[in-house]
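Handing you this structure, nothing more for now.
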């Protein structure tokens, strides 16, 4: 019986061998990083694959900082990032901007407030406002929803709104744009932030400092909260990766991104 | 107010039945919720198509393959290694302080949160050994995760085999190995099988550890060194990011049916095995 | 015989590699995590609720309280329903109903944690938010979801414990005129007590270790929860949320959290072992 068992195991191992022996010449380009950039990178990857059948691109999430880490430790060819690089990151890595994205501050559709100043948004997220009525809204407790610390979206928000002020420690933390939106959709007192391109119609995006949250305003530079979508590389990327970056920056690639509500690279 | 024992019993038993009914009710609710929404999505096309637009359209074929690679390899590695280790600990070593320590250690590791295995796998397999985000990293991480469980359940099953079986076998002139394979293992098979089924269930449901080691690529993995996505991770991503609820339900339905299928097949195989023994 | 000796050698190699590998993991976790605990100071690490990795502040008190609160809540549900089902299955169940209840519980065990988390988000969280208040993402939601998840573990081990009680105990008690419930709770449960305690402890271990479902329904707030309706973050969720991007000291702090979890599981297992050993002694007596 053990003989049969051993034979079976050996057979299984042999069966897997051809899988392991695949040549490395057609290794797919690997992108790791921002969950905000991910859907757009996926779109580019699909179109790229459609045009050049044998070239494949892998797009994975994990968060902007995870992407930088993956790039630094050699796991990824390109790190995707939805915020500017920090000083120590920029020292060793090279960012390439492929698009700009607005950062929307979102509230429940039933929330009577339509716009806020950046100062007020900061106070909301630092825990200084306990109830919406303090800002002229309804009598509902404020529930701030933020992203996890490694998120580029969160970093961009901290950079653009919070500055040196700490985010309230009792804020709820969610790990994706989708779950932030879902929470805000269902909770009348909720306020959160997310990628402008992904807002949709189930939640309300606020005017910030009087400017409407549209891609037109982001392009014009009037909307105060925007962040770059970056492809980050270390030194000279492998040719396959460079080819994909070139595609993203090409007129076709840029048209694809603009069609999804992003602003072209500047 | 003191009730007569008969009354107390009636109340308590009624209460207990409410608990039991609630438990079954929760299961029915969850199963119905997912399967009613999900099974209609599971067409042949859904199972054989590639995902498009991050999973908003298309099917889940590469993800099924990814799940088979990661989970299948994990159990394929952990099961024989675990059973052999259990055999070694019970039949080939003497009971002592060392085996007690090993047993306690295995028990602890069986109870350690899977995320810690994920953390280890990420740092060790993906980064240090340079395997990158790959099905191999994921499978090895998962196999380490379920190994302690398989060792312990197999060990318990083997120790439950009566000593008389072994004595009779020796009495008939068998070698130790013959006694182990033909007598002890045969008899302990149901217990060992349960452990392996548990291991499969745990690997297939694992999400966080898999994301960090096998990655979440949507393409069809062509080798063990390719990143790939598993069903549980795909369901999580689709539902959390709000990409496509209908596809999310479809994925969950496939996952639940697969787990059900594995459990049923395992029990059927077990019953046949016991039946054959006579 | 030579063949036996070769087999013995082969088995030894495999077994020692397996054990060695598992020992390696343990050593790795402690090697990465302990230096950070020493550096930050065990007191500060365990008792400070300031978790600001970017500023070098690593205090996991809020998460320890979070894990404890969520586990305690889960055990209330898991123990009550789990033990209840075990009692029904072993003492009060006609064959037909057992055929429905037992597979149902086994199926519950097979549902993936992400599906439980999903059901929690879609059904439970809005319910709590609208009818009980708070954000919905809460200790309560996590406890309910986890309770259902550990229920099968508690049930199956309790069933084993109850079935191990000699039939003579049951028959003797009934013969003396006790009702079935009196017999159950004064004789059977008492005799199976250590097995049932072991079931609870193992259930606790499972609750402490759950990650995905909790991330989805707990709210992941970085502060100590002050009510069951407050959001909460557990030790495991913290690791999962930050694992992908943590580097350097931050990553070591996550391993240090792993050390704390390891110790918690070790303590739980040691207690379970002690409790079942006493059962062994009593049974032998």
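Remarks
Residue numbering begins at 1 within each chain, and the chains themselves are lettered A, B and C in the order written.
Convention: contacts are C-beta pairs under 8 Å (C-beta built on N, C-alpha and C of every residue); 3 or more make two chains touch, one makes a residue touch a chain.
Predicted, not measured: the structure shown is a model, and the values here were computed from it.
If touching chains are joined by edges, the resulting network of the protein chains shown connects every chain directly with every other. Distance between Cα centroids is largest for the pairing of chain B with A.
For the pair chain B and chain C, the distance between C-alpha centroids works out to 17 Å. Note on chain placement: the centre of chain A and the centre of chain C lie 34 Å apart, centres being C-alpha means.
Look at where the CA atoms of chain A average out and do the same for chain B: the two points lie 33 Å apart.
In chain A, the residues touching two or more other chains are 62, 175, 179, 182.
Counting partner chains per residue, chain C has residues 216, 244 touching two or more of them. Residue positions of chain B with contacts to 2 or more other chains are 177, 211-212, 240. Residues 1, 3-4, 7-8, 11-12, 14-15, 17-19, 21-23, 25-26, 28-29, 32, 80-81, 84-85, 87-89, 92, 97, 100-101, 104-116, 118-119, 123, 148, 151, 178-182, 202, 205-206, 208-212, 216, 236, 239-240, 243-244, 251, 254-255, 258, 261-262, 265-266, 268-270, 273 of chain C touch chain B in their complex.
Residues of chain A that touch chain C in their complex: 62-66, 68-69, 143, 148-150, 169-175, 179, 182-183, 186-187, 190. Chain A contributes residues 1-2, 5, 9, 12, 16, 19-22, 28, 30, 32, 35, 38-39, 42-43, 46, 56, 58-62, 70, 73-75, 175-179, 181-182 to its touches with chain B in the complex.
Contact residues on chain B toward chain A in their complex (touch as defined above): 52-54, 69, 73, 76, 80, 126-127, 130, 132-133, 136, 177, 181-182, 185-186, 211-212, 215-219, 222-227, 237, 240-243. Every residue of chain C that touches chain A in the complex is listed here, in rising order: 53-54, 121, 126, 129, 135-137, 215-216, 219-223, 231, 233, 241-242, 244-247.
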